[in-house]
Amino acid sequence: MDATPSVEGWGLCRRYGRRWALVDVSLSVPPASVVMVAGRNGSGKSTLLRVLSTAIRADRGTARVAGHDIRTATQEVRRRIALLSHHSHLYEALSALENLQVVARFLRRNPRRDALLPLLEEVGLADRADDAVTTFSAGMRKRLSLARTLLQEAAVVFLDEPYGQLDPPGFRLVDRLLDRLRRRGTTVLMATHLLERGSALCDLGIVLEEGRLRWSGPARDLPSHGGLDAAALPVAD
Amino acid sequence: MIVAALRKDFLLQWRTRAQVAAIFVFGATALLLFSFAIGPNAEALRQHAAGFLWLALLLSSTLTLAESFQSEMEQHALEGLLLLPADARALYYGKALSNWAQLALLGVALVPIMVVLYDAGSMNVAALVGIILLGSAGLSAPGTLYAAMTSQARSKQTLLPLLLFPLVVPVLLSAVKATSLLILGDPMDQVRSWSLLLVCFDLIHWSLCGLLFGRVVED
Amino acid sequence: MSAERESPLVPYVLAFLGLVLLLWGSWWGLFAAPGEAHMGNVQRIMYVHVPTAWNAMLALTFAFACALASLFRGGWQWDARLEAAMEVGIVLSILLCMQGAIWAKPTWGVWWDWDPRLTTTAVLVFAFAGILALRHFVDDPVKRAVWSAVATIVAYVDVPIVYFSVKWWNSLHQLQSTPETVSRAFHWPLRINAFGILFLMSAMIGLRTKVAALRLRSELAPPLPAELVAPLTAQRLEGSAR
């Protein structure tokens, strides 16, 4: 197996105005691993995922994602990654199917209904395929965003709070999708508050606090050795 | 990829066509209000009809342009496309072309209102449509660029007209002049020169704004 | 930033020199130079009007150059200079319009005569005032820098088009000329005033750049301490795949 890390970062820093949201974060993720990114609100989890996925630029430092530099080969990185953000990236006026069709066309994939309907079935939205997203609940939007992310068939997938707004069947859906991504050899970086669930499903874990990397190690060690104040991490599962 | 962008933008416009109707009503109301500003002097109204038409279209354009990015920004859909990756220039031209279509449609739809209210029609319908096409292209190109910017800033409703209006003075001048000549008569065939000015403006801005769009939407 | 490395005295020296030159040139133009044959003393406003025009265009051209530098080379100093050059350019352009009005009223009886150059200047004032407003309503310094640079480039490229369209538009009516040629005897006060305003303008831009740079610094978080930026080895994540 190729041991070249699929995600490597060196000294990543990012500020928002006066505040540094990421301070000197360096990491190295082996290929085909599922990494849990843990930390409190405002610790920089979303920022880290957004920087690595090139949604925002790093103010300092750099990273190699899927074999390409995020600064100098941004388009190449984007071809190989997918980001599930807390923004849904959806067009409210379009239907679920149409949202997927827009993505499919930009990716030069098959945009036909029969090609995309199975994906909607998988996330449990097949019966709402032609309804406008504006009529969807938050959980349904999340499911559609998940479908949108899967459609991209990326080598590295960044998931920012995938369990957010979902119901228990939704949780199981995400578990299944994570499992499938792992079996496909996809590298996954997942930011989540769900300590127990995440540490059970993921291979590796990192903990961010105030923008800095505080701990990294096997995911199963997260709850006990992560140096986390358990009371600060809401366990919602 | 530009085809994908065009399909997306025209589909979005179709889905929000109720808003286009509302913008048309706004433009027609503006035309009515302008006539009150001048008074019931038929001759004066006819003289100024071209100016009123283009002012109404200019004001309506701020609504069209602002709304065109509303759907892109509310759930960060534009960012989602850029990460696919989608070429920023394709996204610009898709949006600018669909805005152009909507503005041209509005312009043409306002012509009958102008004819009725101001007794200002033209026999040369093809040329009139041509001027409307050229003029709305001139509004759409910089307008799409600035709409992308201002939709991410505070006080967006004020900023867009503030930035756009001084920039499109040449479009306003040329389009009003050309339209006026078509309505009132053009003994020296000046419409051609004004059209040429519009074409120049359009060429320059459609290329320049397309080049700069990428920087404006990246973070 | 380079704005700080300059001697703090330079802008004040320039301002003083500029003021001296301006006073000298204006005195010469107002009192010592011969009156113009047709227009009389009103024409003397040219000794300030023409230099103001040159310098206003210079300031806005400099703003354009700063916008290009800011967009393609990067660096906060260019954004600070852009802000300064735009403001000074707007002030000079407003002065230009006022001078034009002061000249037009006694000459033509109206405050504004739609002269192509003055009209273009007025459009420029509004265009750049809009860009300054844009800067006000954007909180993120990076976005602000990129957007104002883009807007400046588009506005500046538009200037010749605005000029030609207004010129054409106006030429269909009676063309009222503004004094553009000044005969040779009058050149010296003109040049002295031009340099006077140039020095004053440079001083203003320099000082305003410093203010902009200081404000930028207070907006951005302090840079990270040097030891954190030393070459970092990636922290390998240990642990076996599940």
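Each chain carries a letter (A, B and C) given by its place in the written order, and its residues are counted from 1.
Operating definition for what follows: a residue touches a chain if its C-beta (ideal position, glycine included) is under 8 Å from a C-beta of that chain, and two chains touch if they have at least 3 such contacts.
Being a predicted model, the structure only gives us computed values, none of them experimental.
Novice: Taking CA centroids for every chain, report which one is farthest away from subunit B.
Specialist: Result for the farthest chain: A.
Novice: Using CA atom means as chain centres, which chain is nearest the centre of all the protein shown?
Specialist: B
Novice: Counting only Cα atoms for the centres, state how far subunit A is from subunit C in Å.
Specialist: About 47 Å, centre to centre.
Novice: Could you state the distance in Å from the CA-based centre of subunit B to that of subunit C?
Specialist: Spacing between the chain centres: roughly 30 Å.
Novice: Per the centroid of Cα atoms for each chain, what is the distance between subunit A and subunit B, given in Å?
Specialist: Their C-alpha centroids are separated by 40 Å.
Novice: At least two partner chains per residue is the criterion; list those residues in subunit C.
Specialist: 139
Novice: Among all residues of subunit B, which ones touch two or more of the remaining chains?
Specialist: 219 - these are the residues of subunit B that touch more than one other chain.
Novice: Give me the residues of subunit A that touch two or more other chains.
Specialist: none
Novice: Can you list the subunit C residues touching subunit B in their complex?
Specialist: 71, 123-124, 126-127, 129-131, 133-134, 137-139, 143, 146-147, 150-151, 153-155, 157-158, 161-162, 164-166, 168-169
Novice: Touching residues of subunit A toward subunit B in the complex: what are they?
Specialist: By the definition above, subunit A touches subunit B via 53-57, 74-75, 78-79, 81-83, 85, 87-94, 98, 102-103, 105-107, 132, 148, 152.
Novice: Help me check something: in the complex, which residues belonging to subunit B touch subunit A?
Specialist: Per the stated touch rule, the residues are 1, 3-5, 7-8, 11-12, 15-16, 71, 74-77, 79-86, 218-219.
Novice: Give the list of subunit B residues in touch with subunit C in this complex.
Specialist: So the residues of subunit B in touch with subunit C come to 142, 145-146, 149-150, 152-155, 158-159, 162-163, 165-167, 169-170, 173-174, 177, 193-194, 197, 200-201, 204-205, 208-209, 212, 215-216, 219.
Novice: If you look only at subunit C, which of its residues touch subunit A in the complex?
Specialist: For subunit C paired with subunit A, touching residues are 139-141, 219-221, 224, 228-229, 232-242.
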